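Right after this note come the structures.
What follows is a pair of complexes built around chain A, which joins chain B in one and chain C in the other.
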Partner chain A sequence: MEANRCLGYRISLTCIGAVMIKFSNVSLIYPNSTTTVLENLNLEIQEGELVLVIGSTGSGKSSLLRLINGLVPHHTGGILAGDVSVNGVSTQMVKPGGMAHLIGIVGQNPANTFVADTVEDELAFGMETLNLPLDVMRKRIEETLDLLSLTSLRNRSIATLSGGEQQRVAIGAALVTHPKVLVLDEPTSALDPIAAEEVLSILHRLVHDLSLTVVIAEHKLERVIQFADRIVQINGDGVAKIGTPQQILLESPIAPPIVHLARALGLKEIGVSVRDMRRMTSEIREGAYVQQPTREASIDNPIITIDSLSLSYAEKKVLKQISTNVYAHEIVAVMGRNGAGKSSLLKSLAGIMDGVNGAVLVDSQDPQKLKGKNRRETIGFIPQEPSDLLYGQSVSIECAQADSDNQVAAGTTLSVLNQLVPGISLHAHPRDLSEGQRLGLALSVVLSGNPKILILDEPTRGLDYQAKNELTRILIEFAKATGKCVLLATHDVELVAELARRVIYIADRDIVADGTTLDVLLSSPAFAPQVSKVMSPQPWLKVSDVIAALDNPL
Partner chain B sequence: MNTTQDIVTFSLKNFVILGIASVFSIAGFIWPFFYSGKDLPKTQLFFWLAIACAFIVVVFEISNARLDAKSVALLGVLAALISALRPLGAGAVGIEPMWFVLILSARVFGPSFGFLLGIISMFASALLTGGLGPWLGYQIFAAAWIGLLAGLLPRKVRGKLELLMLIVFGAIAAGIFGILMDLQFWPWALGANTQLSYLAGGSVAENLSRFITFHFATAMAWDIPRAIFTVVLIAISGGSVLAALRRTHTRAAFMTPVVFSERVK
Partner chain C sequence: MKKLSLHPLTWWIWAIGLAIAVIRFDSTVFTLCCVGAVAVVVYSNRDDAPWGNSFTWTLKLATWILFIRTVIGVLIGVPVPGRQLFVLPILPLPSWMPGIRVGGTVTAERLSSALTEGLLICSIIVIFGAAASLTSPHKLLRVLPIYIYEFGVAVVIATTVLPQLVTSVARIRQAQRLRGQTLKGFTSWKRVAIPLLEESLARSLDLAAAMDSRGYGVSRKRSTYRPIKWKLTDALVIASALLVLGLS
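Coming up: the complex of A and B.
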C-alpha cells in the first residue's frame, strides 16, 4: 500500500512528507438533488504536492475544491458522508472561516474577488480580516510582493493591470495569510498563453521553494500538465481516479493534444511535456514527407472589408490604420495579447463600438447603421460573456423569444440548441447553465437569425475539450454555407490550429501578421500549438496533420 | 438538524430593542402636536441623537451573531446599488430611483433584512450625496420602516396580484415618506407667522390641519412625483427584478440542511 502510494511522486522526498489534505470515503449530494457528485472518494495529498483535478464540465471539480475548505457543505447545504480534513482539521468541526488561515482560494476571474483598488491594499485586506498586527502585515506584504514579482506594481490600481498580473495579485492576496494549501479553480482559463505561463511558473516555484500544497482544476490541460505531480480525474458518475499524469492520461478521454498525438502514433508511453514527446518521436520528425498542397485563398468579393480603420477606446488609440478583408468560407482567428485590441476590432465589425475612424463594410453595409431584423440577418455577435445576450428567465423562454425576434417557426432555436448541446434542461435559468451550455444557448439564439457572418469573442474560456470539439464542428459547418464567414478572437492556440484557416495577429496597435494559420502559428514559439512544438521543424499543427503526413511518406 | 446560516432575522430581543428605538423615533416626528410650550424648543438635536443611539444599539445587537457572510454580502451589494441609484435623480423633483429596489429587496428577503437595508442604504447614500444633516436620522428611520413593512406584506401572494400589491405599497410608502419628511421639517420651515406655520402650544387639531395644508401645498413638488416614479419603476421592472432577487435567494442556499453522515443514500 505504502509503496503503491509512493508511485505517484516524482520527487521521492514528498513521499515521506506529512499528509496535508485527506479525503476519506467522501460522498456528496447537493440539496434538491438525487445524484451523488462524488462517491467514496479517498485521496491523500501530501505537503508540497501539486495536484491537478480534471473532469468534464459539471463533473464535480469545483465541488471537490470547495470541499477542501468546507464551503461545501457549510455554505451550500447538502449531505456529506465521510470526512475531509486539512492539516488534521476536519471540515465537519470547523466552519470555512476557521480554515481561512490554512487555505487560500483563487477563482477563475480574479476581478470578481478583488475588494480594494490598489495592489498593496488588496494584499493587506486578507490580513486585516484576520486581525494581524500592523508590523506583521507590513513585513508580509513586502515578502509577498517579492515572491510574486509584484514590487513594481505595488501602487498600481488593480483595474489597470493585465489579466496575468491580476491573477498574480489574486494569488498574492491568498498567500499573505501564509496558508498551507492553495486552491485554484481554473486560474489560467481567461489568460493568454504567455500570462498563463507566468502564473503557472509562479505556482511551480511556490510548490518547490515553500513546499506549498496546491490543488488546481483546469480545462486547458496542455498548459498545466507538465507541472502536476498527480491527477485526480472525476468521471461524470461521481467516481474518481487518482494517479500520476502518465497513468491517468493513458486512458482518460480528457487529454491534451500531445497525449492524443502519442495515442495516434501508437506510442507505448505517454510524454506529458513537449520535451518528453520530442525524445520519443525523433524518428518521425526526421522522415521526409509529401508536402500537403496549401489551399489558395478565395478570390471572390470580400464579405468584410476593413480599410484604414483606426479605433480609439477611452481616448486611447487601440488600433491605427489597419486594412484587411475577409472572404466567404473563411474562419479567421484574431490573436494577440490581453488588451491588444482584439475585442475592439470585433466590436467595430459588429457595429457596437464608438471611436471608429475609417471604413468598415460588412456585406457592403455599414455595421453601425444596421438595425433590427436586417442586423440579425447580417451579423451574429457572441460577446466575451455569452450571458450578456441572454435575459430570459429560462432556456425555453429564451428560445421562444429568439424565434419571435427572428420571425422563424416556433421551435427553430430549440432544435438548433438540441443539436449544439443536447440534454439541456429547459426550465434552467440561463445563468445557472455551465459555460459550455450557456455558449451553446447564445450561439443557437444567434444562429436562428441565420446571419451572414459570425463573430465570437473568446468563445472557449471555461469550455472543456468535448464542448470545444463541438464548437469547432459547428463553426466549420457554418463557414461551409454560401457567403458565410466566421471571425473569432481567442487565446486558445489549440483551437486555432483545429479551426482557423487564417490568423490575424495584432500587436502594437497594428496587424503584425496576417497569413495562413500554419505560417503565423509556427513563426512564434509562444503561440505554437503543442503538436507543432513536438514536431518542429515539420509543418504540422494538429494530430490529423501528422497522421495525414505519415500516410504519405516521400 | 444542522442547516446553513439563515438570512438575517431579528430575534425577539432585537424586536424589543427595535420597538424602544421606534418609540424614540416616532416621538421625534410627532412632538410638535403635543408640545405645550410657547417658543420653539431645541428638541431636534435631542431627538436626532436619540434616534442615532437607538439605531446603533439595534445594529450592534444584530451584528453580534446573526449576520453571516452571505447576508453581509447581500446587504452590501444591495445597499451599494441603492446608494448609487439615489444620486441619479440629482435632486430633480422626486426622481428617487432608490425606493423600488428597497421595496422589492425587502419583499424577497424579509422584514429584518429590509429594515437593515433601509438603514444602511440611506446612511451610505447620504455619505455619497453629502446629505448629512439633522434630517438624516429621520430619513434613516423612515427608510428602515418602509423596508420592514415591505417585508411584512403577505408572503403567499404571487404573480400579477403581487406586483399590484407592491405598486400600491410603493405609492403609499412614497407618500408616507413625504409626510414624515415634511413633519420633521415643518416646525422650522416657514417662520412663525404664516397660516401654515407650526403653532407652538396650539391644539392637536389646529396643528394637524395646519400641517395637512402645509403638506399638500408642498407635496405637488416632491411627494407626488416620487410616488409616481416609484410606482412606474415597480410596474415596469418589478417582475424581472423580483425574479432575479428570488434566484439569488435560492442560489445563496439560506437555511439549507447540512448533514454529515456515514453514507449519503
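Coming up: the complex of A and C.
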C-alpha cells in the first residue's frame, strides 16, 4: 500500500492521494492540568486511509479525535496551539457545526447522543439541519439503511434496539450526510464479537469502496488491527508515534495477543492478521506436543445452584428453565450475544431481579432475602457502571465510608486498594480516575466486605490491556481462597481465555454450551481468541499455553 | 387501547390551558378533579419511552412539595381566626421582624388555606409534568423554530435528561442495595444524588456535543423529512382544554 511506505513523524508529501486531515504543530493542554495531552504533533492523514489511535486510558485518544472536528477546544475548553484542518478547512475558523457536512463523528456511547425517537428520523436529523431537499434525503436514507442492514429496523424506536444495532444506527446517522471523514471513538467496546465484526467490516468496505477517511480509537486491538493502514500511538505525556501497524507494534507495550505471540516465539517480523501469523508459524503447529493435563474442577458442594430458573423482563421471557452449578475456586465466564440475558442472569443470582421463577441458592441462601452485612459477606457485585457503587467525594472518603459500612477496621479498604491498584492519589475524585482505577476502587470497596462470591457485569468496557491484566491477576487471586468463586459476563474473548476455566454460553433463552473454556471457545470461530485461531488445530488459547507446550515436545 | 400520535405541541398547549383554568377557578374540588383527569389521561396514553415513566416521579415530587408547603404555611404567617386545632410554642423573633410569627395557634382555617394554596402549586406541577411525560422531547425539538436554537438545545437536554434520571435512579439504588445498604431517607438520597448528577451532566454534555457536531443550528433554514402535521385529534385535545378554560 502506497501510504504505508510513508514512515515516521512527518509524512512526506510524495505519498499518493490528497491530504484529508492535517495536524500542524498541534499542542493541547487542559486548564488545571500539569501535563500536555499532545505536544507538537504533526500528522497528515490521506484520503481513504484507516487510521487507528491507540494509547492507555486517559492518554488523550478521545481528545485527539475531538480535535478533528473542533469539539476540542470549542466544546470542551483547553488551550490549543497549532492548527488542525480537514479538507483545507481549519477548525480555528469554523465551529464543529460548520464541519458537519465534512465530518461524521460517532461518540463512545451512542445511546447518549441520539436526538430522535425512530431509526429513520435519527438518520434524517443530520440532513435536515444541513437543509437538504426532500428527494435527496429519501434517496440517501434508503442507501444508508441498505448499507448498514438497518432496513428491517427503520421504524423501530431507538430505545428498544440492542447495543450493536444502536452502534450501527449511530454510524448510519454519521454517514448519511456523505462526510469525507468518519471519526469513531471505541466503536466496538460495548459489542459482542459478532456485532463488532459486522461494524468493522462495514467500515472496511466504506474505506475501500468510497475512499472514506476513517479515524478510530479502540482498546481491543485484536478486533481492529487487521483493518488499520497506520497507527497513531499516544503516550499521555504529549509524545505521539506514527507509523504502520508493523512498525508501531514491534515495540509498543499496547499490543494484541498475536503480537505478544510473535514476540514470545522470537519471530523476526510481526504479523498483524491471523493469516500472516499462520504463515509464519506453520512449523510450530505441525509439531507434536505433550498434552497439558486439564485440571478437573471439584464437583462437591456447589456454591451457587441454579435449578430450572426462568427469567422474564418487561413481559418478555429472557431465560427459560436453565440449570447449572458453580463450584468453589471456579471462574466462570457467561458469554452470549448482546441482549442474550447475561446481565439478567447475574442480577438474578445477586437477588435484585424481579420476574424470577425457579430456585437459585447462593451459599445455601436465597439471594432475594440477603440483607446488610450478610449480603456483603455472601455476594460482591460489580455492576456495568462501577461508579454506581461510588458516591464519595474522594478516594480516601470512599474507602473510609466502605470501612464503616462493612464494619471492618479502619484502613482495611485502603489496604485492599493499595494491593489491587497501587499509586492512586487519595485526594482524587472517583470521577477523575481512569476506568481501570475506578474499577479497582469499586472492587476494593466490595472486597473489603470479604464476599464469598464475586460477580462482575462487563468489567472490561473501556479497560486497556494493562488494566485487564491487573483485573485478571486480582480475580485469579480471589478465586484461589477457600470457598470462593467468580462469575463474570463479558464479550471479551481474550480476557475469558486468560481468566476463566469454564464458559457458559447463552443463546435463544437457554444455555447452549456449558463446558471448559477450551471446549466452548474453540467450538465457535467467532468466539475463538486470536492465539487459538493462529494455532488451530492445536488446543491453545493464550500465549502462555503455546510456550508451555513448546517446552514439552513429544 | 391504541396510543394517540399527536403533535408534540398539543399536550403543552393543553397543559397551559388547564393550568390557567385551575388558577382562575381556584377551587379545591375543581383542582383535584383536574389532577385526577390528568392522571387518567397520562396513565392511559403513556408509552414505554424513557420519559413515559417520569409522571410517577412528578406525582411523588408534587406530594413532597405539598407536604413541605403545608408545614411551612402552618408554622409561619399571620394568625387566622377560627376553630382552634392545637397551639404551638411561639418562636421569639427580633424586633425588626414585626408581623411575622413562627408557631402559635393553629386553626382549622389556617390549615385549610395552607393546604389549598399548596394544592394549587402542586396541580400546576402535575399538569406540566404530564405534558412532559406525554411528549417526545425529540419530536418537540423538530417543531421548534430554528432561530431559538440555543433554547431548543436546552429544552431537549432538559426533557431528555430529566426522564433518563428516573432510570438512572433505579439503577444506582439497585447497585447500592448490592453494597448491602439498607439506608432510608435523606442519607440514602444523598448517596444516590452524587453519582446521578455526575452521570446526567456527562450525558448532557455528550448530547450537546453530538447536536453541535451534526450541524444543529448552523443553517437558519432547515428542511423536514417527515413533516409533523396537526390532526383532528390534536384539535380535539386542545378544544377540551379550551372548553374547561371557557367554563372557568
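Keep this in mind: the second predicted complex is superposed on the first by the 535 of 554 C-alpha atoms of A that agree within 3 Å, B and C clash if a C-alpha of one lies under 4 Å from a C-alpha of the other, contacts with A are read in each partner's own complex, and residues count from 1 in each chain.
FYI, a contact is a pair of C-beta atoms (placed from the backbone, for glycine too) under 8 Å apart; a residue touches a chain by one contact, two chains touch by 3 or more.
If you're wondering where the values come from, they're calculated on a predicted model, not measured in any experiment.
Novice: Once chain A from each complex is brought into register, does chain C clash with chain B or fit beside it?
Specialist: Because the two structures are overlaid on the shared chain, the partners are seen to clash.
Novice: I'd like to know which partner A:77 touches here: chain B for first, chain C for second, both or neither.
Specialist: A:77 sits against chain B, while chain C stays out of touch.
Novice: By the touch definition at the top of the document, which applies to A:552: first (chain B), second (chain C), both, or neither?
Specialist: neither
Novice: If you stack the two complexes on chain A, which partner ends up touching A:469: first (chain B), second (chain C), both, or neither?
Specialist: neither
Novice: I'd like to know which partner A:112 touches here: chain B for first, chain C for second, both or neither.
Specialist: The second partner, chain C, only.
Novice: Go through the superposed model and pick first if A:127 touches only chain B, second if only chain C, both, or neither.
Specialist: Second partner only, chain C.
Novice: Comparing chain C with chain B, which touches more residues belonging to chain A?
Specialist: C
Novice: Should A:350 be classified as contacting the first partner (chain B), the second (chain C), both, or neither?
Specialist: It touches chain C, and chain B stays clear.
Novice: Figure out whether A:137 sits in contact with chain B (first) or chain C (second), or with both, or with neither.
Specialist: So A:137 only meets chain C here.
Novice: Pick from 43-51, 79-87 or 115-123: which stretch of chain C gets in the way of chain B?
Specialist: So the stretch of chain C colliding with chain B after superposition is 115-123.
Novice: Intersection of chain A residues contacting chain B with those contacting chain C?
Specialist: Common to the two interfaces on chain A: residues 74-75, 97, 391, 393, 431.
Novice: Could you please specify the touching residues of chain A with respect to chain C in the complex?
Specialist: 66, 69, 71, 74-75, 95-101, 103, 105, 107, 109, 112-117, 120-121, 124-134, 137-138, 141, 157, 159-160, 173, 314, 350, 352, 370-376, 379, 381, 383, 385, 387-391, 393, 405-406, 431, 445-446, 449
Novice: Can you check the complex and tell me which residues of chain A touch chain B?
Specialist: My answer: residues 27-29, 31, 36, 39, 73-81, 92, 97, 391, 393, 429, 431-432.
Novice: Mind listing the chain C positions that touch chain A in their complex?
Specialist: 48-50, 136, 138-139, 141-142, 156, 171-172, 174-182, 190-192, 194-195, 198-199, 202-203, 205-219, 221-226
Novice: What residues of chain B sit close enough to touch chain A in their complex?
Specialist: For chain B paired with chain A, touching residues are 3-4, 69-70, 240, 243, 247, 251, 253, 256-265.
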